[in-house]
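One chain, chain A, links the two complexes that follow: it is found with chain B in the first and with chain C in the second.
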Partner chain A sequence: MLSIKNISKIYKGSNKGISNLSLELHQGDICAFIGANGAGKTTTIKSIVGIHPFDKGEVTLFGTNLQANPAHFKSMIGYSPDTPALYPNMTGKAYLELIASLYEIDEGERNKNLAYLLKELTFETAVHELISSYSHGMKQRLVLISLLMHNPKLIILDEPFVGLDPNATRFLIDEMKSRASEGVIILYSTHVLEVAEKVCNKLVIFHKGEVVVNDTMEHILQKASLDEIFRDVTSDD
Partner chain B sequence: MTKLTLLFLFRLQNQLQLANLNSSNKDVRRHAFYTISGYIVAFLMFLGYVLFISIDLNIDNNIQAFFVLISSILFWAFGIWDILSGPDDLIKSKDRDFIFSLPLKTWQAKLLPLFSKYLIHIGLTFIVLMFGYLVTIAYIDHFFLAILFVLVLSLIIPLLSTNVTFLLAWVVRHVLSIIKWRNHVTESIITLGLFVAPLIYLIRSSASVDYKEWFIQASILRYPLNEINSFSFMQHIILLIGITAVTTSLVILLLTAFHHLVSSQNAVQSKKRRTNAIWHTHIPVTALLLKEFKLYFSSLTYVSNTILTPVAMIALNICILVGVIPNLHSFSYDVAGFTITAQHLFTFIMFTCVMLTTTTSCSLSFEGRRIWIMLTAPVSLIKIAASKMAVNILLFLPGIVLTAVVYAAIFQVRMLDLITIVALLFFSLLLISIVGFFINLHFPSYTWNNDMEVVKQSKATIITAIISMITIPAIIAVVYTGNLYLLLLIMGIEIAAIIVLLQKISCNNMMLN
Partner chain C sequence: MRNISILLKVELLEAVRNIKFIWLTLFFTLLGVTQPLIDKYMEVIIKSFGGVEGIMIDPNAPEPQANEVLLATFSGQFNQIGLIVLIISFMGMIANEKNSGVQGFIFTRPVSSLEYISSKLFGNWLISMVCIAIGSFISYFYTVYLFGYYPIVDFFLFLVCYSVWILFVVSTAVLFSTLIKSSMFIGVATILLSIIFLLAGNINSTLSLFLPSGVLTLAESLLLQTHDINFLFMIAPIVYILINVYGAKAFINQV
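Then we have the complex of A and B:
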């Protein structure tokens, strides 16, 4: 279970950030973070994966505390940032070898997963090219391969569909559903409400650094459409 | 104001970080303030040096050679600076896409980085030469001719140094690409080596040990100011103008008509990559070390600015071992009552080389926006630190080993002294590597757009360089005494500092603020 308790993060020199955010996700949950730009989605995600320190609160994953045992916590997650900045002078293969080494993935598991992911994401040839020659979408696909390669228990994706072609998008949606059915927790931020409505069982709506909706998708959709609810709760009037 | 002038001023404001002084972010404002202050202090120090040169030449009754000497120093300084910065900013600047998307003519977009560089260098040269003109005005006979001469030199020196270094760098890159031997280390060492070769040759063939004589010999200006109205002086200036015009035309031609050829050299190499189907994994520390080497060698700026001292160590040691430097044992120099022998001088140079390294002070910042990979990976900060420090140590290791050989074979020092001095050298290197990393950890900068911002201009690099410069004289003074107990004490202090810093690093939770 992923447990986020009262985390707050305010950026130095501004009042922007997140305050008192609490959330619980269980095995098999697919949760979408939605909200306007600057609402706090990315800040929350970066706090959960250990990029940003938070001012207060705690994050635990299956009993492992992020602050107390960051290396073990991070070994259980797979993260894709909103902008996939990678080492341009490495080939995709060298990057995947680096990630496989850092996550200490078993050779058999690595080879099996790589064969599957490289094929599904049509990356078998591109993996030998330099990353500097990749498009945004190819970098996204490489990051997806690297994060799925070690079979994480928690997958966190920051706007994962930006730049992906229709085939890769389809693969990602199927993979999210399939991994969730195996007990993996999936959390992602998005602006695409239609996909969130179809894929997720949980939804969190952010507005000005605070969680204004945190409920199951089923419960939310009983009241109104996602689009109407989003406009309603993020309206300042 | 024309579009081009506006764009030039906009770029200049960003390059010099003037634009960041108005940022709403306090940290960005502070960083800009420190950087600009650093530029101003460095420039004022240079002007102070110009004043010192005028006094020094006056004492030698050679003030008429002032502009010859200043022209030489400016030419070589700009040239070495340009080589350390690399030619890529002129070929494919970081804001290339932005410039090419603007409603400019193609040739204007292609030449904007070159003209920006020309104008900045011309401005700096003009200020220095005008300052020189004012401090030597009492010795100038033809005021207006001299002013005209300063204006002409302000154009010739920066244009010639920029052109020569660019053409040299391009030729070296092209030849290395043809013989398929191109990498950033080879490229930067050969380019710099070829550029400074005439200077080194003149120094070596000079009978004098006076730096002024060396630079006067190596000056692009051959005639002193008191010959300004002579025909040969005019002939020489016309020749310089001609060479400047030819080289400028060549550079402009390369960057416009052959822009595609010049900018595609990288791509040509990247196509020839092996498709090895075997996957390799390593233990995390080895994987990090391999990644560090790839990252290090991926930047010409990073390599150029940090490889000089390790290479200088190796070169000097080899020169001594093969007997290139004659009369080594008879060399001695008296400074303020202290006798400096060849062994002393050798030791000072080795310690200065080792301590002046700033490789680790920008190693964390060099990750840039890719820092998320390290931050989200299940590895401790101490492993990341170890891999980054190991790169620096491995760069210096051949030099340290050769130093030990020189001590034993050439200076024939006792075994105990040899072990102590080499151990002190190693611990000094380890300490400055850790200090650099530690400072970078506290003053990181991941949102840079140009390698130069972290390699040369970052707060961490500047602080580390200042610490090195303060520490070097202290260590050298102790080494000079040759007192074994003092050397062991210094080593003990260094080891204690290393342990404390390592503990602090291991307790640090590296995250972005």
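Then we have the complex of A and C:
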């Protein structure tokens, strides 16, 4: 289970950030973070993955506290940022080997997973090229391969569909469903409400650094359409 | 330890791909051969430029010994222009990764801030020392050829002490990298602090015991084979390096 208790993160020199955010996700949950730009989605994600240390609160994953045991916590997650930052002078293969070494993935498992992911994301040729020659979509695909390679228990994706071609998008949606059915927790931020409606069983709506909706998709859709609810809770009137 | 060696390998590969190993080695080789050539052929050089009025070279002045020339190479070339260029070569090691987002991405992996800092420290120190060592040994052979024999083991011991000073300089750049965003300002701050320590170390040897540059006093004693060799000079730089590393760890502000 992923448990987020009262985390707050306010950026220095501004009053922007997130305050007192709490959330619980269970095995098999697929949860979408939606909200306007600057609502706090990415800040929350970066706090969970350990990029932004939060001011207060705690995050635990299957009983492991992020601040008390960051290495073990991070070994259980797979994260894709909104803008992939990679070593430009490396080939995709060298990058994947680096990530595999950091996660201490067994060579047999690594080769098996890599063969599957490279084939599904049609990356078998591109993986031998330099990252500096990749387009945004190719970098996204490389990051997806790197985060799925070690079979994480929690997958966190920040706007994962931006820049992906239809085939890669289809693969990612199928993979999210398939991994969730195996007990993996999936959390992702998006602006594409239609996909969230079809894929997720949980939804969190952010507005000005606070969670204004945190419920199951089933409950939410009983009241109105996702689009209507989003407009309703994020309007300032 | 395992993650340090993985990230250190990345650092070395980046240096190979950026041809840093080549240009930095060429630079230190050039610096290394300059001093013995100047010391040996100053009169010829001045004459070939038509002579400069007013300059007189004492014809009875004794020719410097090999170890004196080597010392001049390090104190006059490597620790001045060499140090500045060396710092410029690694001043962006952390800031560039921080600004591009690579550092944040690394910290989402099971890598601790201490492992990351250590890989930067030892990676850049190793790159620097390989380039300096190649330049130094070419300088050594040139000096021995021109000025006479000097034991290579003693020169190697000198180089080991000098490498501790370089480790301190890299650790200072690492510390400033966690405090300052701009690579240029990191470079300027590191150069200024290193020069201050170098100048302060020349004031007296007791003060040197408490400065990281004190290790250069020890290196000098080893090179000149004096009888006042004091290995206590090793303590201060090690303490300063540890302070820099743990300071950087505190300032990097990472879970």
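Throughout what follows, the second predicted complex is superposed on the first by the 237 of 237 C-alpha atoms of A that agree within 3 Å, B and C clash if a C-alpha of one lies under 4 Å from a C-alpha of the other, contacts with A are read in each partner's own complex, and residues count from 1 in each chain.
Please note the rule applied: a residue touches a chain if its C-beta (ideal position, glycine included) is under 8 Å from a C-beta of that chain, and two chains touch if they have at least 3 such contacts.
As the structure is a prediction and not an experimental result, all values here were calculated from the model.
Chemist: Overlaying the two complexes on chain A, which is it for chain B and chain C: clash or fit?
Modeler: clash
Chemist: Return first, second, both or neither, reflecting whether A:Ser133 touches chain B, chain C, both chains, or no partner chain.
Modeler: The first partner, chain B, only.
Chemist: Applying the document's definition of touch, where does A:Asp55 land relative to chain B and chain C: first, second, both, or neither?
Modeler: In the superposition, A:Asp55 contacts neither chain B nor chain C.
Chemist: Under the stated touch criterion, name the partner, chain B or chain C, that contacts more residues in chain A.
Modeler: Partner with more touched residues of chain A: B.
Chemist: Touch check for A:Glu228: first (chain B), second (chain C), both, or neither?
Modeler: Neither chain B nor chain C is touched by A:Glu228.
Chemist: After superposition on the shared chain, which partner residues are touched by A:Asn111: those of chain B (first), chain C (second), both, or neither?
Modeler: It touches chain B, and chain C stays clear.
Chemist: Which of the two partners, first being chain B and second being chain C, lies in contact with A:Lys74: first, second, both, or neither?
Modeler: The answer is both, since A:Lys74 touches chain B and chain C.
Chemist: Would you check which partner chain A:Glu218 touches, where first means chain B only, second means chain C only, and both and neither mean what they say?
Modeler: Neither partner.
Chemist: Which partner does A:Glu182 reach: the first (chain B), the second (chain C), both, or neither?
Modeler: Touch status of A:Glu182: no partner.
Chemist: Considering only the touch criterion stated at the top, classify A:Glu24 as touching first (chain B), second (chain C), both, or neither.
Modeler: It touches nothing on chain B or chain C.
Chemist: Could you tell me which of 45-53, 99-107 or 315-323 in chain B overlaps chain C after superposing the two complexes on chain A?
Modeler: Here chain B runs into chain C along 315-323, and the other listed stretches stay clear.
Chemist: Common interface residues of chain A with chain B and chain C?
Modeler: Residues 46, 49-51, 53, 67, 70-72, 74-75, 77, 79, 81, 83, 85-87, 89-90, 94, 98-99, 101-104 of chain A touch both chain B and chain C.
Chemist: Given the complex with chain A, which residues does chain B contribute to the contact?
Modeler: Within the complex, chain B contacts chain A at residues 24-27, 267, 270, 273-276, 279-284, 286-288, 290-291, 294-295, 297-298, 368-370, 372-373, 375-380, 509, 511-513.
Chemist: Where on chain A does chain B make contact in their complex?
Modeler: Residue list for chain A touching chain B: 11-14, 46, 49-53, 67, 70-75, 77, 79, 81, 83, 85-91, 93-94, 96-105, 107, 110-111, 114, 125, 128-130, 132-133.
Chemist: In the complex, go through chain C and note every residue touching chain A.
Modeler: My answer: residues 2-3, 6, 10, 13-14, 17-18, 100-102, 104-105, 107-112, 253-255.
Chemist: Which residues of chain A touch chain C in the complex?
Modeler: 46, 49-51, 53, 66-67, 70-72, 74-75, 77, 79, 81, 83-87, 89-90, 94, 98-99, 101-104
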